[in-house]
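What follows is a structure written as structure tokens; I'll ask about it next.
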Amino acid sequence: MVGCYGKLPEEKVFKDPVHRYIHVRDELIWALVGTREFQRLRRIRQLGTTYLTFHGAEHTRFNHSLGVYEIMRRMLDNFEESDTWDARERLICLASALLHDVGHGPFSHSFEKVFHMDHEAWTRQIILGDTEIHRVLAGVDDQFAQDVADVIDKTYPNKLVVSLISSQIDADRMDYLQRDAFYTGVSYGHFDMERILRVMRPTEDQAVIKLSGMHAVEDYIMSRYQMYWQVYFHPVTRSAEVILSRILHRAKKLYHDGYQFQDEPKHFYSLFHGSMTLSDYLKLDESVIMFYFQIWQEETDPILSDLCQRFLDRRLFKYVECDPSTQMNHWLELRDLFVQAEIDPEYYFIIDSSSDLPYDFYRPGEEEERLPIHLLMPGGEFRELSRESDVVEAISGKKRTDHKLYFPLDLLEDDRTHADTKKKILTLLMSQEG
Amino acid sequence: MVGCYGKLPEEKVFKDPVHRYIHVRDELIWALVGTREFQRLRRIRQLGTTYLTFHGAEHTRFNHSLGVYEIMRRMLDNFEESDTWDARERLICLASALLHDVGHGPFSHSFEKVFHMDHEAWTRQIILGDTEIHRVLAGVDDQFAQDVADVIDKTYPNKLVVSLISSQIDADRMDYLQRDAFYTGVSYGHFDMERILRVMRPTEDQAVIKLSGMHAVEDYIMSRYQMYWQVYFHPVTRSAEVILSRILHRAKKLYHDGYQFQDEPKHFYSLFHGSMTLSDYLKLDESVIMFYFQIWQEETDPILSDLCQRFLDRRLFKYVECDPSTQMNHWLELRDLFVQAEIDPEYYFIIDSSSDLPYDFYRPGEEEERLPIHLLMPGGEFRELSRESDVVEAISGKKRTDHKLYFPLDLLEDDRTHADTKKKILTLLMSQEG
Amino acid sequence: MVGCYGKLPEEKVFKDPVHRYIHVRDELIWALVGTREFQRLRRIRQLGTTYLTFHGAEHTRFNHSLGVYEIMRRMLDNFEESDTWDARERLICLASALLHDVGHGPFSHSFEKVFHMDHEAWTRQIILGDTEIHRVLAGVDDQFAQDVADVIDKTYPNKLVVSLISSQIDADRMDYLQRDAFYTGVSYGHFDMERILRVMRPTEDQAVIKLSGMHAVEDYIMSRYQMYWQVYFHPVTRSAEVILSRILHRAKKLYHDGYQFQDEPKHFYSLFHGSMTLSDYLKLDESVIMFYFQIWQEETDPILSDLCQRFLDRRLFKYVECDPSTQMNHWLELRDLFVQAEIDPEYYFIIDSSSDLPYDFYRPGEEEERLPIHLLMPGGEFRELSRESDVVEAISGKKRTDHKLYFPLDLLEDDRTHADTKKKILTLLMSQEG
Amino acid sequence: MVGCYGKLPEEKVFKDPVHRYIHVRDELIWALVGTREFQRLRRIRQLGTTYLTFHGAEHTRFNHSLGVYEIMRRMLDNFEESDTWDARERLICLASALLHDVGHGPFSHSFEKVFHMDHEAWTRQIILGDTEIHRVLAGVDDQFAQDVADVIDKTYPNKLVVSLISSQIDADRMDYLQRDAFYTGVSYGHFDMERILRVMRPTEDQAVIKLSGMHAVEDYIMSRYQMYWQVYFHPVTRSAEVILSRILHRAKKLYHDGYQFQDEPKHFYSLFHGSMTLSDYLKLDESVIMFYFQIWQEETDPILSDLCQRFLDRRLFKYVECDPSTQMNHWLELRDLFVQAEIDPEYYFIIDSSSDLPYDFYRPGEEEERLPIHLLMPGGEFRELSRESDVVEAISGKKRTDHKLYFPLDLLEDDRTHADTKKKILTLLMSQEG
């Protein structure tokens, strides 16, 4: 018993397509899964707009969160064969794994950019605030919720525990690579997790990898590399993200301009004001957002209506490569032509850079960096992975920023107005390709 | 060229986790996928409430519809190696496969029961009415949309074409078994589709199976059998369905009773009136329903609010087996006790029967039956599968109806009111188990 | 420590394509794997002549034996979570699982038939006789080798231990179904072993299955059923077996007739005499047999030479269905015609029955039967599987004997001699088909 | 019809665990598979001694050859959708793919080293000499066998055809990577072959890869890299190779020294003399070799007997890293100590270098090099892969030679003779590790 929680009388299992079964033996974990804040993750997709590129990727953060918990459980089981872990520390690890994403909202990336929010702050509030999750955690002891929040916040004193959830090779990443590969159907994303878990050794600061497992870790790093370029940075997904951000931006602007919405967008008011409470935040999920996008299709503002229709009917923007650093005049000229053609560039001429995206693959040595991977050499010393592995060295640290200009090709092809300007735009854009 | 549609200049592919790739070579198919009515299927889950039992099963009808199309494409490719198919007939097959589920709405099963609708009628309207889909189909020729509707309606004169989409072994079922198994993660649902496609032979009325492929078909039938009992009829899924139906029922009743909703449920008005137009119907999707469920949590009607909270937070009803035919008095007594305990049995005491569910496994010989599977014997004659296969014979035709009583255990365990009555109810219910 | 064996300082693993990893933690097991008698299993195929039908099935009994051990290990790990197992009893289970097939010789089925041997007797001798395996086992204690032999012999007093290796759902079968499916590439053979292991409960006499796992067991039984008819009884495999038996039969006859072999078949002498020692037996493996078949291709005896060429070059016999019980005259007439055509029927006119094969699927209630599968019902009583499961009931107990006549079509088509007789034979044979 | 060969009346299929089905539609291919020289490949393992490291890797060259054929068939099917291929050229491709390894003998690598043979020369002889294969090929036309031999020899004028079988991304490699990964059970070796085949474009000299497929090709190159280091160069496999070579070496030396073998090693005579005929060569397979190893265990020569026992019972040599270039004196001293301890260094002190192995991963720019992979850029020009891909650039061209000293630890630990010398040796060897 730790606090008021013991072991379940009989192990519970969830059938999981990625890990086959997710095993729950702790009453605490079972109670956390049943909270309304955790169930809410069923209404928030794991990969945002990616389902518009890879139709299989309709899975939610609920799905992923269970997976991270399961990997953590297996890690700790492996560690426990050699070491002993304190029962309370073990529950902290499991709870943190389960809850690490609980603060995510709908289409987090775009919302955070437009409304200057931070899902990690919300996670903290959910764990520490007036929630079912908090009440469950408080059942362990007075300090427990705070400790879980600190682990997720990376300020927990036991650095090893932090690293299991948040480092270059943690339960979070090992789950999402496999899970996102499974649901998108791509052939990348496979690596031998069973072997990695077996060659992990807990140390004071982080889990290190026995040298004999280096190739399994190389394979994991390569999976990440391929997943980032093939899935996470996919230009079509980014096109949908661009439209989504523009919708939010437009709605906010209309609101501040005093526009009269046909149905009051009540769920958005506190967002527009920057005064969102936890209770308001927890009401936001992707159903709610999609509901508004649907009714906004019939708003009188042509831009809001058009963008919402594009998003729902998947009539996305096209793109060309662009390098804003060297061809500034070219892009300024193009932007002016959009204005001339009466296509508002604020909403229809968008330069998007992959470096803005919240993903990295493997960049040891950067600031505000996750702990790099260390190998445990036969002599007992540690060595950073990229110093031993040619492959990892080759791909690490290279910041391959990729800029694209997104625009509505269909509007430009509509020659009923401004035909000459549009023709000129198209010529300039086409010269950009290949 | 058939009508205004030809081949695409370059084949398009969708990455699909079940069939690996979905290949599109026909302009017509590409155009249909791009319509807003088809894109709408992205907002309707394939398996309704099953995601509350199997968390992996979050896939939509969009996902499945592409899969059915792909299987049809492979079937026809196989047939074409021997026979020649008319180019127009081929497009009818492909379009029908893609569109066969296009009329599905959110949580179809419950909606159809409560509001007496029929998704097949909506499919017909979408194909024949004022829609983007209709305009695309009409581009082939004047008769084309009607022909596609007739295939889906099973009234098309070419019975072979109908059977490819709708028989005991059709593209629809072959896709959903594999896809639902993939997403739920269960180990059933695998069969050797490649082999089945290769032993299929087109005949005048249906595709038959060469005897040498009988074991692959047995395996397919067994997959269905296992999927139905393990996934489709899962009692936890049915518990969620029960709550969903009760929500709809309650909202409808409140409306007709003149109850004042805090936010007007505009999307439901025509449903409540039984006067829904195609345009209204197309606005219904699962985001919209989930939005209302969320705001209804805060309605003043305690039943509506409670049921919506249960659904969103997954606080489902428990169940016991029950046999209404032989223990009528027992159940009537129990129901009376619910009334005494002030727990409205209309919403909290629900008997649900699996025979009500829209699935069958293999029941040759029943009325209103799908065409059974025929084997092509070496001598050239046909024989119905269950006459050759012991295994299929064993499971076919057996109507294993299964009745369960669903009820809110938590309310019964709340002993602040009517403690004695509730205790009595619990005693009676427990005696039911085992 | 049990006897002189403890735990290995570090776990050893074998990479296994079926179970991913095979884990060895016990010094005893590691020592047994290293013995020459166990390594010899690398030279004996798991599925005899099946590789001539399914080219992937080239795996050996070494491969399978490790797999059975691994499943046993996982079973015991599961049991140990609830119960405690004596450390010595645990090692008996693991060693018996590893060694249960150690007495198999090359192409066991044919050898046993022609030379009246019994691989189970050889297993006993290897465990109890003057072998490396015996010396390793004796290191535990004086009784240990005898106990392992008794488990494999099914005479060990602890019936539960016996049942884990030898019952209708034991470690042996669970491994070979999955393994043979994997290597042949067929889509049958999959079942949810992880779930079966989790719902197994040890009782005094056998492991029983919780009712909630019935469907997983049904799936396992269906896999067996499909594997037997699709793989194990495959008529082409049986054709190769027929030729193999005839080679052995011919060589033995020639030897007893005083035929002068060009190279002395020394490895066969004791077999021909029925006086084989353990040491002689251990020298027999499939390389040795294949070596002789190769040099016998050049023997002067035309039948021995022809049959060996057929086997090595895979020029197998063709077959037609035949029912010896009802058409005796027909077959006798055909046989006479073979004699007339100077094609010795003893070697070229062979009726083979599947009921002779050493496999059964599920036949509870037969004599000399393996323990049937029992379900553990919610009330605590046991019930035999086929009484609960329609599917199992349908296929169990049905002895579907299948007779085939095997013959060399090529010799019959060679019309340089006895052209008329051969033509007559072919006509009669062809009338058999369809 | 091309020559006397047309299409089969009905497609034949082989069940294959890697490609699911292998499809044969051409009479020529069917006839080639049935020849005795092709069937002989069933008796030659694909990965030599690797089965002693990865027990699953018991598959043969028969297995692989069918796989290469199938990939070639799919490649050509893809090409034919755009281009037209001459029917005869198509058959040349298919036959060359099937037969490219037909000259391999048992444990080719060791045999070729010890007896200075060349399997490619034998392949040519089998195709052009007095064989069933030659007779089948000659049935097409007089030139056909020569053309097939030229393709395998890389001298065929159509360079594109040559490149499909023998380049950095050919049917051979694509099969063996996937197949060897499948049978060993490692998690590397997966790549998206379906995509690679779809982005391949035939050009005059070779097939190039559309830039959009670059990531799939990166994945393929990484698979190769991992397979080479994890499987093909595995030090335990090399230990078995070392022993095998020493056996052959010893037998040859004994023979030339006039040693009297107990059983005449007839199959080896022409090898020992360097005068092997095609007919002799075709009699060599792994059964024959294993037969001799078994009987040689009982030879009076202690070295031959010991080495054969080691090989059969898998008592392999241990190894330490060694760098002969910088520590020459150290190794010479060690070697002298072996002599002092009466352990013949010629057989028991072996330095083996991975650079001797017949594998490379990706080294564009080296001489006698396979054609590197070229990307087809959007503008139509070609670019060598490693210039576009950081990952490929990182691993290509790096010759990571790895030297190991192999020795029999058990002999050194036997302290009944030369105890002090052996202790000294062990101390020196141990200082090598870590």
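Letters are used for the chains, namely A, B, C and D, taken in the order the chains are written, and counting of residues starts over at 1 for each.
Keep in mind that, in the parts below, a contact is a pair of C-beta atoms (placed from the backbone, for glycine too) under 8 Å apart; a residue touches a chain by one contact, two chains touch by 3 or more.
The chain list, named the UniProt way, goes like this: A, B, C, D = HD domain-containing protein.
The structure presented is a predicted model; accordingly, all values stated were derived computationally and were not measured.
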Subject >> Given subunit A and subunit B, the chains that contact each of them >> reply: C, D
**OP:** Name whichever of A-D and B-D has more C-beta pairs touching across its two chains.
**Re:** A-D
Subject >> Between subunit B and subunit D, centroid-to-centroid distance (C-alpha), Å >> reply: 52
Original post:
Which whole number of Å gives the spacing of the CA centres of subunit C and subunit D?
Top reply: 31
Subject >> Centre-to-centre distance between subunit D and subunit A (centres being mean Cα positions), rounded to whole Å >> reply: 45
**OP:** Find every residue in subunit A that makes contact with two or more other chains and list them.
**Re:** 20, 186, 195
Original post:
In their shared complex, at which residues does subunit A touch subunit B?
Top reply: 14-18, 20, 34-36, 39-40, 42-43, 51-52, 54-56, 58-60, 62-63, 66, 182-186, 283, 285-291, 294, 309, 312-315
Original post:
In the complex formed with subunit B, which residues of subunit D make contact?
Top reply: 13, 20-21, 194-195, 198
Original post:
What residues of subunit C sit close enough to touch subunit B in their complex?
Top reply: 186-188, 190-192, 195, 215-216, 218-219, 222, 225-226, 229-230, 378-379, 390-391, 393-395, 398, 433-434
